[in-house]
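The chains carry the letters A, B and C, assigned in the order they are written, with residues numbered from 1 in each.
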Amino acid sequence: MTRARSIGMGIVHLWPIALLLLSWDAWVVLNGYTSTVAPRPWFVIADVFTGFADYVPSILYTLGMALGGLVGGTLIGFVGAVLVWWSAALSGVVTPAALIIRSVPITALIPIIARIVGYGDPAVLASTMLICFFPAFVFTLSGLAAIPEAGRDLFTVLGANKLQVLSRLGVLYALPNLMVSVRITAPSAVLAAMLAEFLMGTSGLGALFSQARSYMDMERSWGTALVATVVSVLVFVGAQLMERRVESRLT
Amino acid sequence: MSSTATLTPMETKPAEHATRTAVSVNRADKIFTLSRGKKLQALAEVDLEVREGEFVAIIGPSGCGKSTVLRLAAGLDRPTNGTVEIFGAAPHELATQHRLGVAFQEHALLPWASVRSNIALPYKVAGRKVDDARVDGLIELVGLKGFEKARPKQLSGGMRQRVSIARALALSPDLLLLDEPFGALDAVTRRRMNAELARIWGEEKITTILVTHDVDEALILADRVVVMTGRPGRVRTIKNVDFPRPRDAATTRSPEFHELVDELTSLLDANDGDAA
Amino acid sequence: MNTPTRTSVKVAYSLAGGALLILAAQLIGQFGLAGRAWPPVMDVVSYVTTPAGASLLWRNTLVTFSSAAQGFLLGAVIAVLGAALALVVPIIRPGMDRFAAILHAVPTIALAPLLITTVGREDAPAVIAALSVGFVMFVTMASGFANTSSAHQDLFTVIGANRTRRLARLELPRAVPAFFDGLTLSAPAAILGATIGEWFGAPMGLGLVIVSAMQNYQMALLWAAAMAATIMSLLAYLVFIQLQRVAMRRFT
C-alpha cells in the first residue's frame, strides 16, 4: 500500500511536465500556428509512436555512441589519473592541461575532431570520449588524493607495494568518485554525440534532427527532440542507479 | 519511581513576593519517534511552574531531557501529552512578539555576521531600530569590547557563548532560556560570568530558566533548583535556595552552601541507582 | 616547507607544463602528425595577428560574449527566484526538483526547434545560454537552500522571525557560497549554450565562425575561434572561482 502511494506521489510530482505540455498546446492553439511552424504536443507524441520504427536505428546509434564514449572516456580518465598519481613529476605538468581542457566548449572541440579524425563514427565516438575523459580523470585523482596517510602507513607497515595499495585502497577511494563523474557526464555524453551527429549529418538522432529540419518536417524534428530528451534522462537515471549500487556496495 | 519524584513545585514555597505565573508545564510527556517506528520517551509527566521574575536552574545527568524542557518552553517542540503555557498563552506567541531570549547549547551564531551584528540581530528581525547604546552595553557586559567587528570563527568557544548570551538579552526579553551557556568556559571566567548574570538578573528581573551541569553555578544563581532524573526525564526534586543576594565568595565558602552542594550532588548520583 | 614556496613551485610547474603543451601542439602541427587539420600553433597566432583575422575574431567574440552574458544573467536570476519560491512554498518543491533534474538532462540541442519558433534565430543563443545556466543554478541553489542548520532555524523561530526576514537574514546569506559555486559551474555552460544557439542560423558569433571555418576548411580560423571560445570560458571560470573563494571565506 505504501509502495502504491509512493508511486502515486511520484506521478503527482511530475506536474511541471503536465503543465509544460498543456501550455505548449495552448501556445500553439492560441497563436493559431500551423503544424509547419509549431506542432501540437499530441501530434508530436503520435509521430513518435506511429513512426517509432524510423526512430529506432537513430536511437540505438546515439545510445551506443554515448555509452561507448562514456565507458571509454571514463576508463581512459581513470587510467590517466592512476598514472599521474603514480608519478609525481607528471602531476605538475597535467594541471594546466586539465584547466584548459575543462574550458574548451564542446562546440569548439567537435569541429576540430571532425576535421582531424574525418566525418563518421570515429569522430562521434572521439567527441563523446573526450567529454567524459576529463571529469573521470579529475574525480579519480581527487579520490586517490583522499587516501588517508594512516591507511597508506598501515599498508607500508604490512609490506605492501604500490600496486597493492592501489588495488586495496585506491579502488575503495576512487570508485565512488568515478561513479559521480559517470553520473555527471552521462547527459553530456548524449549531448556531445548529438552535436557531433548534427554537425556531420551521418547517422543518429542528431542527424535525424538535422534532416527533419531541412525537410521542414516539424513533427519529426520536435519528435526527435522529445526522444533525445527521454534517452538522455534514461541514461542519467541509469547512471544514478549505478552510482547508488556502487556506493552501497563500498560503504 | 522514587517518592521525591512526585514532588511538585507547589509543595515547595515560591520565593519571596510571588506574582504572575510565567511558565507552567503540566504533566508534559515528550516521545520522539525514531527511525523504523522506534520510540524514545525523553520526558515523563514533567511539572514545572516558574513565577514572573524568578530564576530557576535545571540540573540533571546528560541526556535526561533538560534541553527538551527548554525547547518546550521556547515553543520549538510540542509536548506529546500535557500542556505548556507561557504567560497564560501558547509558547510560540512569546516568540512572535519578540519577548523571548534563548541562548542555545550550540550558540547558533551567524558565521557571516560580526559580533555586533549577531547581537543586533533580534532588533533587525523584530523590525525595530537597533539600539546602539544597548548593543554596546551588552558587548561590554560580556567582555568582548574590541571584538565588535570580529566574526564568530575568529572567537574562542567561550567567547561565542558570551555573544550568544548577549544576543539573548538584546531585546530585554520577558523570558530568558539559557542552555548550558557557560559550558565552554574555564572555571575563573565561568564564575565571573555567573556574577555578571546575577547582576543583570538583579537589575532587570528577567524570568530565567538556566540549564547547567554545574551544581555550584545553579546555587549561585537560582531561586530554585530543579533536579531531573534520566530516561525518561522526570522532575526528581525541587530545592529552594535561600542564600541572600548578592551571593559572593563568602556565600560559596559557607558550610550551608557546601551542605546543599553535597545534597544536590548526591541526588544526581542517586539517579544512577534509579536507572539500574 | 612553508606555503609560499609550495605555491611558487606549483606555479612554476604549471608554467612549465603550459609551455610544454604549446610546444607539443606546435610540433604536432609542424610535422603534420595529426594531418592538415592540426596547424602549427605559430600559424594560428600569425593569423590572429593579421588585422582582418583580429577584427573578425574580436567582433564575433563580442557577439558570443554578449549572448552568453545576457543568458548568464537571465538564467541566474530566474533560477535563484525559482529556488527561493520552492523554498518558501514547500509544496511545489518535489515537483520542481524533479523537473530541474529532467531539464538538466535534456540535450540542449533538443531545445533548439522550440526556441527558434518562440524567440527567433537572433535571440536563441542567449536563451539557450540562459536555460543551460538556469538548470545548473537551480540545482545548486536548491541544494544550498536545503542545506540548512536546524540550530539557526530554531534561533530564528525563537526570535520571532517572519517568513521574509528568515529568508533575507538567514536563508539567502547562507546560500551565498552555493550561489558562487553555481556561477562557477555555469560560466562555461553559458558559453557552450550560446555557441550551440549560434549553430542554428544566428547572423554572427563564434559558434557560427567555427562551423563555417570547419565547412570551408579554414583551419587557422577554426583553431583561432576555438581558442577564443576556450579563453573566454577559462577567464570566466578563473574570475568566478576567485569570487567563490572570497564568498566561502566571508560566509562560512
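The rule is short, and it goes like this: a contact is a pair of C-beta atoms (placed from the backbone, for glycine too) under 8 Å apart; a residue touches a chain by one contact, two chains touch by 3 or more.
Here the structure is a predicted model, which is why all the values come from computation and not from measurement.
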{"item": "Category of the chain touch graph - line, ring, star, complete, other", "value": "line"}
{"item": "Central chain of the complex, centres being mean CA coordinates", "value": "C"}
{"item": "Chain-chain pair with the highest tally of contacting C-beta pairs", "value": "A-C"}
{"item": "Chain centre separation (subunit A, subunit C; CA means) in Å", "value": "18"}
{"item": "Rounded Å distance, subunit B centre to subunit C centre (Cα mean)", "value": "51"}
{"item": "Distance from subunit B to subunit A - Cα centre to Cα centre, in angstrom", "value": "55"}
{"item": "Residues of subunit C touching subunit A in the complex", "value": "10, 13-18, 20-21, 34-35, 37-38, 94-96, 98-99, 101-102, 104-114, 117, 188, 191-192, 195-196, 199, 206-207, 210-211, 213-214, 217, 219, 222-223, 225-226, 229-231, 233-234, 237"}
{"item": "Parts of subunit C lying in touch with subunit B, wherever the complex brings them together", "value": "149, 151-152, 154-161, 165, 169-170, 173-174, 176, 250-252"}
{"item": "Subunit A to subunit C touching residues, read off their complex", "value": "9, 12-17, 33, 37-38, 92-97, 99-100, 102-109, 111-112, 114-116, 186-187, 190-191, 194-195, 198-199, 206, 209, 213, 218, 221-222, 224-226, 228-229, 232-233, 235-236"}
{"item": "Residues of subunit B that touch subunit C when the two form their complex", "value": "71, 74-76, 92, 95-98, 100, 102, 104, 106, 108, 110-112, 121-122, 124-127, 153, 171, 177"}
